[in-house]
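There are two complexes below, and they share chain A, which is joined by chain B in the first and by chain C in the second.
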Partner chain A sequence: MNRGLPCVLSAMLVLAACQREERDTRPQSALGSGDQPAAVTALEPGGQRPASSNNKAGVFEANAFHLSEGKRLFNWFNCSGCHANGGGGMGPALMDQKWLYGSSIESIHATIRDGRPNGMPSFRDKIPDDQIWELAAFVRALSGNAPKSAAPSRDDDMMPHPSENRLPDAATLGKSP
Partner chain B sequence: MRKGRQVAAKTRVSAKGGNRPIAARLGWTLLAGFALMTAAVAQSLSGPAINPPAAAAPPDDGQWAMPAKNYASTRYSELAEITEDNVKNLQVAFTFSTGVNKGQEAAPLVVGNTMYIVTPFPNILYALDLTKPGAPMKWKFEPNPEPAAQGVACCDVVNRGAAFFDGRIYFNTLDGHAIAVDAATGKPVWNTHIGNINIGETITMAPLVVKGKVLVGNSGGEMGVRGWIKALDAGDGHVVWTAYNTGPDAEVLIGPDFKPHYDMDKGKDLGVTSWPPDAWKIGGGNVWGWISYDPDLNLIFHGTGNPGPWNPDLRPGDNKWTAGIFARDPDTGAAKWFYQWTPHDLHDYDGINEQVLLDMTWQGKPRKVLVRPERNGYVYLLDRTTGEVLSAVPFGPVNSSKGVDLKTGRLIVNPDKKTGTGKVVRDICPTASGLKDWQPSAFSPKTGLLYIPHNNMCMDEEGVEVNYIAGTPYVGMNVRMIPGPGGNRGAFTAWDVAAAKPAWSLKENFPVWSGAVATAGNVVFYGTMEGWFKAVSARTGELLWQFKTSSGIIGQPITYRGPDGHQYVAVLSGVGGWAGAIVSGDLDPRDATAALGFVNVMKDLKDVTTPGGTLYVFRLP
Partner chain C sequence: MNRLVCSVCCGAACMLLLAGCSGWQSALDPKGPAAGELAWLIWFFTALCTVVWLLVMAVLILPLARRPAPVGDPLVLDAAAERGKMRIVVAALAATALILVGLTLLSYFANRTLAAIGSDAALTIRVTGHQWWWEVRYENDQPNRILTTANEIHIPAGEPVRLVVTSTDVIHSFWVPNLSGKLDLIPGHENVLDLKADKPGVYRGQCAEFCGAQHANMSTFIIAEPRPVFDAWLKDQLRPAAAPVSTEAQTGHDLFLKRPCVMCHKIGGTIAGGTVAPDLTHIASRRTLAAGTLAMSRGNLAAWIADPQGIKPGAHMPVVGLNGDELNAIVAYLEGLK
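Showing the complex of A and B:
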């Protein structure tokens, strides 16, 4: 009893010291409702980059659970049909460093929600808003813009080597994301 | 046949003006090597000459009024000013930038003193005045298609050309419009909206005008689009008939006239019953390739695309009437016969390639045939009056099937290469893009050879689950392509039609994604994805001349007689299409599955060419 108590106490201390990643396993079911405008250009008269911030961005970005959900949805909503596993096809590549409509998670969210004029369909009212955020976070991860500890690996059953976003010469060119 | 060959040789000598002694010519011929001997032997065995039906291939007027040259789709020109001997002197006459750096798959048209070019999206139609130095622009017509259409075009935003008929140019736009333009003024005459991009429907094919009707089909086999072919009135553009390639007989225009040769194609409403419930509504079978027409039989022949989705587990059954060929009455659309190249397609083997109409002696009997180098890897010889398969011989490495049963007509599928959900199958040959894709071949009656530009690749496939969401891809397959046996990803093969075997074959590093044109000067032209425009001997395949254009070539070369009476050769340069999407779409080669798996085998294309869009026209000095 005397010996057990310190053990339990220290275990509680150790566990309490771990900050657990928050997992919102029941996302809001509202359809693509986030109507907050997001700039799709880095150009704004006045000498400053346009500010884009959405309080949801921080919740979803770099969150392992949301990223893995985003990866699942990326196939379920046929994103992979056009963008393949990041290399592109009917749609542009997502794993490179070229962004037609902005690289921030807010811009990507707006791209999925509202569509873009040269072929990106609008998924507003097709995908719940939280799931669009999950997709946007995963899209950023495809180009190495997510911590390795959180980003899901690409499916490797067709591949002879680890997924590209885990290779040192990936889009980040060795930079730590 | 020996007689026939002597006559041909005589013609050739006189055509080049006899400026070289026949003895020298003979010596050269002897030196030409084994390939020629094979061809000669094959020809001597093959009986009387093979010719396209006269009604479908009238005497050459020096123009080029439809991409396939004539209704028989021979892509053969009787012009003979450019010969095997002088082609080495060919030089650029003029060039023209299309202003669009996407895959240029179209054939230029030449009618009278004007050349017409249609570009990839945004589908600009240009008219160039050939009477003036440098061929300046006469007019241009911009249809301004909906930019969103680019997002539902499966394999680059290509257009395979226009067609001329009765003072008008007919062409299609990516966003589903068929348009008639006055050839003299460039003013639109009519514009009919027949495709809906919101279900993923686009139009990329060149129309064919038959008996005052403009024949057009849709693309979208990767988007769950139900395939159709429509006939529009050439006068005012109204839809005369529509034939679907899946669904109930009434909508497929299958009626009492329908008499397929094989039992597998007989039965009521097979377009419904050979599918899981309602799957035919999103089952593909599109018409995005080539149509031929036989005026004597009053039949058009058109292929049907792959069934959707690619993952075959999601559509048990034969999936009629996809991956096959229809013969239809052009007046009513009524089906006359059907043959299915690839029942229950496992590997995206669209059946849309060109069919060359020929009259020949087969096993001692005169037959009206149709030759089809097919995506699944076989050169088919069909009796075009009945749809009976006379022969089916592979023209390259094939392991996805083991031949064609000529009794039942059925492709013998190799069970080791069957794909399915959650299963990775490796080394399937040919690839989803086929041993040969859309790139059209040419037939020379002088040599009896069919010149086939084609691929040599294999692939790994993995079936995955897929949801149907209208206007998004409906594929359900991860694909990873690799070079085929030998490592050359492309080849240019001369096929002896009578002997049903290759006469010679040239290896190319990249898939030969361009069309071919054959001439009476015994010169055959094609282009490579590096950008070389090549002239080879029609008899031996010997490389006679080549010119490096600004971008990879995937277009259809043509030849015509200019206003000055001289022979010209024209081709569009500008890489793209499915094979070149890695360059034209700037795709990322690190993802093996990009562009439906094609990127993996084209990783180095970005190192050898860049996007472009330029017309090149050549002539002798």
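Showing the complex of A and C:
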């Protein structure tokens, strides 16, 4: 009994590692896109409104499956055409610490869905809402804003930078060591 | 009772095994020179190895059945008997070496025959594996004669065809057992597979290298046709997509270009030019949907677009979120793309 218990416990510990997260390939119902409003700015007249309760942000933000799907879609939808693998070109860089419209996943989702002045097109109706959330989560990972345990750990093709889980952390980005 | 259950199970297992020998997607029912060479090799190896196995078993069982010789002084050797035994061992060794060398030579010459099949192939087809479908491109020196389609490979019967296979994501394997052996599709690398179908027919193939969640639903069809039929098919497929004929189809056409479909799929003759998903220019002329997952029909098209993740979970086709009218219109349009 005394000898068996540690064995059982360690086996349970090892088995626990098999269950990382669920792969939800159909997070949105087949009946329509959950078009939820996202605040574009935090400025409010007369005090702050209560934060919008968008539970999608939490579902997509630190989920390894959605992050890697976002990475695939970033390539498929040719985001690199303007943002050049995150380094920036015609569009702003995505792997530095500068954010023109905020670094929250809701802001990035709003940027992709509704577009921004001076070039960013609106992908509303062109990309299913869940895929926009996946892209937004991945864009955050480019600048070290996703947990290392969830950020994509490999590049499928030749890439100009290391995989996202090895990029600098957001806290140290842009500061000299 | 137990014995009955046992025999029923054995019978069922045997029938299952035997079902594998039937013609649909079977290496034992060759329909081309490459598969014929391989099938002959399989049967010859099996027959020869069976004979050898039976001989070895007989030699092992024989001493058990014989009355044991009386044990004398173990230090006294009968020179003549020892020499006799040695001769048997040497003969068995020589026979083993001879058989192995013989089989190696047979396999070598079979490989030479396989390699020579496509040496004068007039048609080169590029097959690219994706999770979980096949991109098929008919190469041509004139860019406007290059045809891209998906999952179904039409070839002229009786003519050698060269397949250049590669992949964009993970390793897949192309295997149409009735026509040839299998060959891996490797990202960043091109492999060449030559094959020939002796007679017109439809030959099913299947991805033969585990490639992810929907590996089982990644099948392909080689459709061998007489040369004139093939030429007509190729000419037909090179046309841009048919214009919508009804108002519903016209609505579907407009919706297709406005909704997420346009981000990934291509329809020749429209602004839809995505290359990361199957080309839909002539989708209604194909026999199946989603790499052999569903038969082509209006109902299946609608089901697939409405809920791809329910039919093929993990596939890269997302749930798009169309309402009923939009779905019907898009299906009406796609149905007309013959």
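In the analysis below, the second predicted complex is superposed on the first by the 116 of 177 C-alpha atoms of A that agree within 3 Å, B and C clash if a C-alpha of one lies under 4 Å from a C-alpha of the other, contacts with A are read in each partner's own complex, and residues count from 1 in each chain.
Everything below uses one rule, namely that a contact is a pair of C-beta atoms (placed from the backbone, for glycine too) under 8 Å apart; a residue touches a chain by one contact, two chains touch by 3 or more.
All figures in this text were calculated on a predicted structure; none of them were measured in a lab.
In the overlay built on the shared chain, the residue A:25 is in contact with chain C alone; chain B does not reach it.
In the superposition on chain A, A:76 contacts both chain B and chain C. In the superposed model, A:148 lies in contact with neither chain B nor chain C. Applying the stated contact rule after C-alpha superposition, one finds that A:89 touches chain B and leaves chain C untouched.
The wider contact with chain A, measured as residues touched, comes from B rather than the other of chain B and chain C.
The residues of chain A shared by its contacts with chain B and with chain C are 76-77, 126.
Those residues of chain A whose C-beta lies close enough to touch chain C in the complex are 23, 25-26, 28-33, 72, 76-77, 125-131, 156.
Partner chain A is touched in their complex by these residues of chain B: 147-155, 222, 424, 460, 462, 464-467, 469, 471-475, 478, 480, 581, 585-596, 599.
Only residues 169, 187, 258-260, 262-264, 276, 306-307, 309-310, 313-314, 316, 318-321, 323 of chain C touch chain A when the two sit together in their complex. Listing the residues of chain A that touch chain B in their complex gives 75-78, 81-82, 84-93, 95-96, 98, 115, 117-121, 126, 155, 157-159, 164, 170.
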